[in-house]
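Pasting the structures here.
Next come two complexes built around subunit A: one with subunit B, the other with subunit C.
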Partner chain A sequence: MLQTMPAPLPSSTTDAASKPILQLVGVRKVFGGFAAVEGIDLDVREGEFLTIVGPSGSGKTTLLRMLAGMDTPSEGNITLHGELINDVPPNKRPTCLVFQSLALFPHKSVGENIAFPLKVKGVDPAARKARALELMKIVRLPDNYHDKNVMKCSGGERQRVALARALAYDPEVLFFDEPLSAIDYKLKKTLEKELKDLHRETGKTFIYITHSLEEAMVMSDRIGVMRAGRLVQVGTPEEIYSAPVDRFVSEFVGEVNTLKMTRGPDGAWSSPDVPGRFVLGRPKDGAALSEAFVVVRPEYMRFLGPSESADNRLEGTVYNEYSLGSRIQYQVRVGEKVMLVELSRARALSPGADPNVVIGWDAADAFTLGG
Partner chain B sequence: MADVAIARLPETSAELRKARALSLGARCALPVAVLLGLGFLAPILAIFGYAFATPRSFDLFRSFTLENFATIFSPSNTVWVSFAWSCGFALFTVAILALVAYPIAYGLTMVFGRAAPLISVLFVFPLFVSENVRLYGWVLFFIKNGVLDGTLKWLGLPGGPEVLFTPGITLFGMVYTYLPFMLFPMTLGLALVPRDLVDAARDLGAGRLFIWREIELPLAMPGILIGMLLTFVLAIGATAEAKILGGQSIIVISHDIEIAFTYSQNWPLGSALAVVVTVFIGALTLFALSRLDLDRMLGRR
Partner chain C sequence: MSDRAKRRSNAFIWSWTAFVLVVVYLPIVCGALASFNKSRYFGFPIKVYSTEWWQKTLDSIEIGMLVRNSILIALLVTAISVVIATFGALAFARYDWRGRRLYQKLILLPIFFPQPVLGLALLLSFSALGIQTSWMTAVFAHLVWIVPVVTLVIAIQVYGFDPSLEEAAFDLGCSRLQVFREVTLPLLWPGIWSGMLFAFLLSWSNFPLSLYTAGADSTIPKWLYAKMVAGYTPMVPALGTMATLGAASLLLAGGVIGMLARRRRLA
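Moving on to the complex of A and B:
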């Protein structure tokens, strides 16, 4: 829907490559009267790692299937290098999809799986094997796996086989349909980093689909957030995190404190939920609004000592605390409302401290969204 | 106390009875075991017994001779012709069925969608009617002045081909009879091919024929081979098609066995023939099943 600031991250490989490789204009997909994907406009830059993230049923898989050629859009255009590819079948597109199920061929060995696209192209067996071994090195599979039954491989190894097989096709754009969703946490973290490295090494355009924003944050140059078939926001992870366009995005990105605000006749902001007067955050103090939501991330909240001050303050009672590993989250009850405060372990409240606390935040750390 | 009681050997009569009683599972399996014993093992035992009895006698387990087998394998005996017909027809039936059933199975799994269950039922439906009745139906269809011939003549055309009572119509009858036995294992085999794999192969650049050769066919192979084995075993023992449709233009091996039991009143010879055929088919089946590594074909090992 909107294309917020290009500003590629310093780490990304997109300097000369800001021209779109893949372009979507007004793409729509209707299944029996139900629009699974609704009016998507998107420019995918050459060599970028773009993640489409959204809850299940938001249409992200449908979007991916259209990009890969397994579905055709009901309306709108998809162009690759400026050429319309709406009706080009998947085997004629220079794109490749890594399936959620991985779709490895169970009757073929690791090497045969990887070399499959080469066999299609008629490459001779010796050259196929050589290339398969090369690709296995790239995805960090040991050489002696070449003849191993692919169904005997572990989950992580299968991911690598699927990745190598996609690379063997030598696509210009690689699609990923939540391939890491069934992998345990620790391995997932490793594979995420490897995928990111692989992206840098190959310089190919990656489009990744996931419902996990955490995954998206780690790997992506840009993130697109989908909701009910629409692309709500596209931006760098930083933009998505610190400047979400609406409550859906802000809450999707992680746990947040949301306070409803109304402007009184004197122009001052107060909340129907908690006592006090407030200074709103970006953008522009909600100048044009009479009603707004203030969103503060838990890590921007802090406990205020007697001598400390903040733009906004609330008095409450700590009634719960959770360890989040390196951080601790406190639940603070303010009237009927529960506010979340997250501190690093080093700055945690001392045990047995007075549960009656004052919490506060600065306007610069909050953002304001329209009602 | 309880531990001691368990460790003690059964002593009282009630305990002894309980110890000798069968487990629940064994008791449940008893009816099936009795049925198998009476209906399956007993006839086979009887056939085996007769196979070694004096020719043309009716006494079971009274004599032991290999004379019947000698008769069968003697060079002057032409029973091998019947056996060759049976084997040949079974092979042809399997080959034709593989070609005929594959497109239907493909349609049932990939194309027909919601109509597939209904179409499957239509293929099962003929099985509800006795095979002989269905074959006589075909006789009425093909016979001179029958359904086909009569209708064509009524329309002023030269009339239907005279196909009845030929080896060709026998083969047709066998293909017709055994179609469901090939079709359903094959459909099951094709249903085992995950749609994702076909999509993935296509995405990796493969065309239809390549996908069929490299993905669909190998993954559906267990079902196809089971169907082939099943139809071969059934077809080699087929007799009604050759008798009713083929009009005895050829004699198949099971017909020979029947003749030995009825017309010739030589039960021992018929039994020996039956034993030879059973051993042949059994050995072939076991060989095929041992070579046919289902697990490996499905990639489970």
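Moving on to the complex of A and C:
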């Protein structure tokens, strides 16, 4: 595991008790000299909802294809229940992939799509139909959709058909390759919650791939962040959010204020970008740094009134504000640098307030990252 | 656009379309008219109409043989070319392998060979190999030209279908054979169907390859040519019209069957 810090949350210690169902050791995949996946070690726990998140081209789809058996690792081992499955083809694995395109069979009805894995297994038509109707209930599709042409279903309905079809295969592990990427926002939110419910109800292991951290945060027990073919951090959503291991993860996880810091000869920290002296939190690895980045999430920044204090302060000018719904984000110019401050709507600055403000944060609310 | 201008442009489009249709179909109509001419030699205006030559054509044993030959050759060409072309199209459009680009060019090349040259080359090859030419060598010759066409027709269908459908079927427990039977074949079926129609009709109407490679056996186009050179009777346009009508009804039936199949699938 790449996690070097003791995890601050109890969830990881309870999860550690359940045994890994899938294990990856040093898995690499090279396509003609280019390593799409570069040495992945990962334990997937039985029954967990694990999301692999990363920008496009980070190798997450390649990783998933190796887990599903559609690609073979160039190096390393993938084991399922302790058995090596590197070369086991997809039709011999107790796993099932929900494709990004969903890959519904356009020449089959909703019911035929769902019952397809049963037909392949040789289940008789009556039992197939009964099971298809059962699964349609689970994914909340009305019974009269059984004979409907699958291409006439809406985007959300197709998602449900794909999900039901995967469940009909009765896999131990379900893989998802960004199946919600083409769905509009509101429906996506509904489907995310349904997928999480389904995960709880079925107790199966879910491995989900997305480039959207928001999606990952909502659904996952654990998140793995990938970059350039490597897993840079694996942890609970809370760990990823509040204790990112590096700048890439911190910035990927959401908007942040990042300030470069250098330590002077007197041991005090200052920044080449903004004036003042700063108190830094302890770096994660406790190393003695001479240069560091301090990262503060906008919601941990405050406006300081005349009588208020904080470990660190900056003087600046509010030049923009955005409504984020329940919250408001302010852009504050401090010298050349733009800092973000996010407040709940209830605590918003009053209209016509002096744009010259003092903003600040406490060292405990920031995290310090090396180089 | 003003109403007037719109009316004028519509009128132009209609008259142009009508003109093109007349130019395309008038010769066929002329052929049909010629076959109903009672006199042996063709000349306008036709003085006496009669179905005599149609009757003679239908009664002729020689022509019955020709039609049988043509149908036999076309059916064999259809069956063989569709099998070769289906797998060829998958190799052409789906799978990535060394030499695929070269294969894509080589397979299409015979379409652009002048057919008389291709026929001559095949005839020379057959005689070099000591093979007696007959309707069977004609089947082979037709295949050389028709397989590429059918491959192209089916390849278009292959390009239009998402390879993840096959992967999904494989992932859901199918063997390779089941993937082909359950997913690949049904999805390629519209392309295979049009490929079959193409194969049959191209073989049915092929003249240059049959002329060189059918040996002593004759086909409809070969006979039409031979009778034009020597021994014209209105049986020539009569048989030509029958062959055209046969091809047209096959095409129509094929289209209707394809449409019904699609409609049933989309129900």
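Here is the rule we go by: the second predicted complex is superposed on the first by the 349 of 371 C-alpha atoms of A that agree within 3 Å, B and C clash if a C-alpha of one lies under 4 Å from a C-alpha of the other, contacts with A are read in each partner's own complex, and residues count from 1 in each chain.
Keep this in mind: contacts are C-beta pairs under 8 Å (C-beta built on N, C-alpha and C of every residue); 3 or more make two chains touch, one makes a residue touch a chain.
Predicted model, so just to flag it, every value in this text is computed and none were measured.
Participant: Check subunit A with both subunit B and subunit C modelled on it and let me know: fit or clash.
Facilitator: They clash.
Participant: A:L84 contacts which: subunit B (first), subunit C (second), both, neither?
Facilitator: neither
Participant: Under the stated touch criterion, which partner chain does A:V338 make contact with: subunit B (first), subunit C (second), both, or neither?
Facilitator: neither
Participant: Touch check for A:V150: first (subunit B), second (subunit C), both, or neither?
Facilitator: first
Participant: Looking at the overlay, what does A:A268 touch: subunit B (first), subunit C (second), both, or neither?
Facilitator: neither
Participant: Could you look at A:A364 and tell me whether it touches subunit B, subunit C, both or neither (first, second, both, neither)?
Facilitator: After superposing on A, A:A364 lies clear of both subunit B and subunit C.
Participant: Tell me which partner A:A353 touches in the superposition: subunit B (first), subunit C (second), both or neither.
Facilitator: neither
Participant: Mind working out whether A:F105 is in touch with subunit B, subunit C, both or neither, as first, second, both or neither?
Facilitator: both
Participant: Where on subunit A do the contacts with subunit B and the contacts with subunit C coincide?
Facilitator: 68-70, 89-91, 95-97, 99, 101, 103, 105-107, 116-117, 119-121, 149, 151, 165-166, 169
Participant: In their shared complex, at which residues does subunit C touch subunit A?
Facilitator: It comes out as residues 162, 164-165, 167-175, 178, 182-183, 186-187, 265-267.
Participant: Applying the document's contact rule, which stretches of subunit A touch subunit B when the two form their complex?
Facilitator: The touching residues are 68-70, 89-91, 95-97, 99, 101, 103, 105-107, 116-117, 119-121, 149-151, 165-166, 168-169.
Participant: If you look only at subunit A, which of its residues touch subunit C in the complex?
Facilitator: For subunit A paired with subunit C, touching residues are 68-70, 89-91, 95-97, 99-101, 103, 105-107, 116-117, 119-121, 149, 151-152, 165-166, 169.
Participant: Contact residues on subunit B for subunit A in the complex?
Facilitator: Going by the criterion above, the answer is residues 194, 196-197, 199-207, 210, 214-215, 218-219, 297-301.
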